[in-house]
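After this come two complexes, each holding subunit A, first together with subunit B and then together with subunit C.
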Partner chain A sequence: MKILVTCKRVLDPYVKARVKADGTGVNLDNVKMAMNPFDEIAIEEAIRMREAGKADEIVAVSIGAAKTEETLRTALAMGADRAVHVVTEDDIEPLGVAKVLKSLVESEQPGLVIMGKQAIDGDSNQAGQMLAALLGWAQGTNVSNVELDGDTANITREIDGGLERLALKMPCVLTSDLRLNEPRYASLPNIMKAKKKPMDKKPIDELGVDTAPRQTLVSVSEPPPRAAGVKVASVDELVDKLKNEAQVI
Partner chain B sequence: MNFGLTDEQQLIVDTVRSFVENEIYPFEAEVDKAGEVPHELAQSIMQRCKDIGFWACNMPESVGGGGLNHLDFTLVERELGRSSMALNHFFGRPSNILMACEGEQIEKYLMPAVRGERFDALAMTEPDAGSDVRGMKCSAKLDGGDWVVNGSKHFISHANVADFVITFIATGEEDTPRGKKKKITCFLVDRDTPGFDILPGYNSVSHRGYQNCILSFKDCRLPAGQILGELHGGFDIMNTWLYATRLTVAAMSVGRARRAFELTLPWCAEREQFGQPIGKFQGVSFQLADMITEIDAADWLTLAGAWRLDQGLPANREIASAKVHATETLAKVTDTCIQLHGGMGLMDDLPFERFWRDARVERIWDGTSEIQRHIISRDLLRPLGA
Partner chain C sequence: MSILIIAEHDNAEIKGATLNTLTAAAKMGDSVDILIAGSGCSGAAEAAAALPGVRSVKLADSAEYANQLAENVAPLLVQLAGDYSHLVAPATTNGKNLMPRVAALLDVMAISDISDVVDADTFERPIYAGNVLSVIKSNDATKVITVRTTKFAAAEAAGGSASIDSIDGSGDTGLATFEGQDLTQSDRPELTSAKVVVSGGRGMQNGDNFAMLDELAGKLNAAVGASRAAVDAGFVPNDYQVGQTGKVVAPDLYIAIGISGAIQHLAGMKDSKTIVAINNDEEAPIFQVADYGLVMDLFDAVPQFTAALD
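Coming up: the complex of A and B.
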């Protein structure tokens, strides 16, 4: 079985995001970029499936500008077999991403797609769901455990208030949650091999997919700084404040 | 000329950086306080290093190592240098002098070291012979087929966890136009050899937990088969294989200086006194500017030295410059980082006092700053007949 795994290049999660002075976005000039952490987990899961003999090929996919190649090299150094780089300078919205991936799924014919549950830049948590819908495949989002059994993926999902277990018919789309696994470091032998592994570059226009934005970015701003807390004397006062000041109940 | 890292080099740097951040940083403070490394922690770092194929990354692929060239290995050392030496020692890099092993030595010393089954240490220094290695008194006399060794060595790093020690010993004297000169031979000495003892050393202010030992030889018999390289060929093998260890010190110093700087920069942007971030005072901001300038200079000197080695170019002076500049930069930077943190910089709640202590040894071991300046100046003046 072939597994398609996505990996997005995002601001390094350990770098403090700073909003551009003109409010048009987050400053990404000269800051450290890294693979989206949930995608690292997705790749790790795919590698474990291959090690367990359940898969024989892992294709890492990313959509982005020239530098995205570095993120794909990381995926190859972790253990993916080959990479597809869909080249674009534009920011692609989740629906556009899902359409691009659908087109790749049609040409690659994987038995499974594993994605991160969200990318830590936009935090949209949409691309996996949209891809499954476009393909008409089953979807397992926010998964914390996966067992493949023939044509079935038995998954555990982290949902509000507990864990949900589902049996999905394959092929399907899975999105990883934080607790699915702990991703490995790239190994030295794999780092040395990564350069020799194939990386297919596809200009986004050649896919014949409409990725035009549906949304307009109005502005980006820093979250308001956290104000100091207050002490309340009684439960009544607390309830009163929650109702009338915070207006949350 | 190209000053950028290749994709592979960037991946190597990223991987070793994440390794030290996740596997070493969390344990540094406790190891520094305890002055020793818990056995299980050492084992786990070793195992994880092996799992990712970085064990013996400095050794050639032909013997099962990672096959990194000098430049790539220097990048590894630079990242490792950010972290505690007591702990990054277990990210195994056997001494490459073991490549001189021949015959049975290969299976007994070289291969187990590359596989991570046996640890080496390296001994030259003696109480009366530090910078002046040739002044060593630890000596061996031939008796039957064996060499009988008497004398001692001190400051021998991590011999407490070593299975064998690569030891330089005087094996005679020769007459030269400048008088008598000691002949030196390199021996492989197993920890359990009768007459050989590895004793606890001194408590150092730097790198607590990375211990140094005293070696004692009392009528210790070593068969000729324990000689590494040629009899009386100690200096040749030293020059062939140990030439580049100063680069390791330089690279580690650059890594640690940059870590200290990276922790100090945001502090200067955030800490407010007199109603504004202290970084807005020129007295502070110029110190930041000086630090990054010196760190970058040390970094480039170090990488250029490694690059020269890979090109087969003369590098003795360049490596000496890298060592002296990187270690002195580290000293200045760690001192300044404490200064910019004010009183808190001195407290062991923050890592700066540790960085500052650890920095001190770098100007002493592997050739003091004075010896490096001697090497640099001789290289400049000798051709002029001065």
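Coming up: the complex of A and C.
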């Protein structure tokens, strides 16, 4: 079985996002970028499936400008077999991403697609569900455990009240939650090997899908910071402040 | 404008998140219907009919909706969508699972986790873990929206008398089968709607020590939450997690205990009215958002705090 995994290049999760001075977007120039953490988990899961003999090929896909290649090289260094880079300078909305991925699924014919549950830049949490919808496939979002059994994926999902178990007809789309696994670090020899793994570059226009934006960005701003608080010296002082100053207990 | 709310419910009753969603929907237009899709869900439908300002309740009571699987509910919404300008659900794990699937079937973008309604087409939503607020205008004919419930007050739950219209089921797609649930049992208030939240982090050291927080929470009628670090370490179940990709809370009082304050945790709690941080590391970033910071070993501070509330 072939597994298609996706990865997005995003602002490093440990770097605080700053709005550009002209208010047109978030500053991504000269800041540290990284692979979306949920996508690392998705790739790790695919690799573990291949190691367990459940899959024989992992194709990593990303959509973005030239530097997206670095993110795909990371996926290859972790263990993906080859990469597809859909090249565009534009920001593609989740619906457009799903349409691009549908086109690649039709040409690659994977038995399973694994994605991150959300990208930590836009925080939309949409593309996986949208891809499943466009393909008419089952979707397993926020998964924390996956067992493949023939044509069925038995999954555990993280939901608001706890955990939910579903049996999904394959092929299907899964999106990873934090507890699915702990992704490996790429070793130096594997980073070297990844440079020779195949990477297919596809200009987005050649796919013939409509990725025109449906939303107009009106503004971006930073929320007002919280006013500075005070340090208290003891539990008694804390309880006094909560009772008499904040009046919350 | 005609708005359809997809209710959060457990067949017997509607969940609190539906009330916040109703407040958000009322800012989009004044004709608001509510969909109850479930099985044996007339109880939830009657509760929805009692919400003030609701025009009618659409009741889809059919076996294929018993567990509200997105694969089965999405086609129903596509059937209904022609009558509405807005389809709106709370940004719960259910809403987040369902609505993008509906949007893609309608060939429209979804608008996730809105924090304000500017006008019927324009919405504010947090991005980058809440460090940036974006305002976007949707150019799609149908707006498919999930609502950040902490940003909208809960509507009244009684006083209305909407009609209940039964609608036929759309059938089982057979794509997914519900196998079971493991729901966390707790006597404490629900995390996302509690007035007080007591959260523990890596500093709690193990799951057994959370009993100490339960005791404090009991005195404050508080819910208990946790940071990602505490959940990843297995101290408490996943549904305790407060943060960018866990639950977003905005109680009157949030008490962070042994939590360092990573960006993704702050994203889930920084709209709380009053924040208390107890941590023995005075450099911990949590103190930058805390109204009251106490630099102290939590194993000394928490029992003293609990005792002081007697």
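Worth a mention:
One rule holds for everything that comes next: the second predicted complex is superposed on the first by the 226 of 249 C-alpha atoms of A that agree within 3 Å, B and C clash if a C-alpha of one lies under 4 Å from a C-alpha of the other, contacts with A are read in each partner's own complex, and residues count from 1 in each chain.
FYI, contacts are C-beta pairs under 8 Å (C-beta built on N, C-alpha and C of every residue); 3 or more make two chains touch, one makes a residue touch a chain.
Keep in mind it's a predicted model, so treat the numbers as computed, not measured.
After overlaying the two complexes on the shared chain, residue contacts for A:144 are found with subunit C alone; subunit B is out of touch.
Taking subunit A as the reference, the larger set of touched residues comes from C, when subunit B and subunit C are compared.
Contacts of A:249 after superposition on the shared chain: subunit C is touched, whereas subunit B is not.
Applying the stated contact rule after C-alpha superposition, one finds that A:174 touches neither subunit B nor subunit C. Judged by the touch definition given at the top, the superposed model places A:59 against neither subunit B nor subunit C. By the touch criterion defined above, A:186 lies against subunit B but remains apart from subunit C after alignment on the C-alpha atoms of chain A.
Residues 16 of subunit A touch subunit B in one complex and subunit C in the other. Residues of subunit A that touch subunit B in their complex: 16, 69-70, 73-74, 77, 184-192, 194-195.
On the side of subunit A, the complex with subunit C involves touching residues 11, 13-14, 16-17, 19, 26, 38, 93-95, 98, 117-118, 120-134, 136-142, 144, 154, 157-169, 172, 177-179, 214-223, 226, 229-232, 234-236, 238-239, 241-242, 246, 248-249.
Listed in rising order, the residues of subunit B touching subunit A in the complex are 7-8, 10-12, 14-15, 18-19, 51-54, 57, 66-68, 266. Subunit C makes touch with subunit A in their complex at residues 67, 69-71, 74, 92-94, 96-105, 107-113, 118, 122, 126-140, 174-184, 192, 196, 220, 228, 231-232, 237-239, 244-245, 247, 252-253, 263-264, 270, 273-276, 282, 287, 289-296, 301, 304-305, 308-309.
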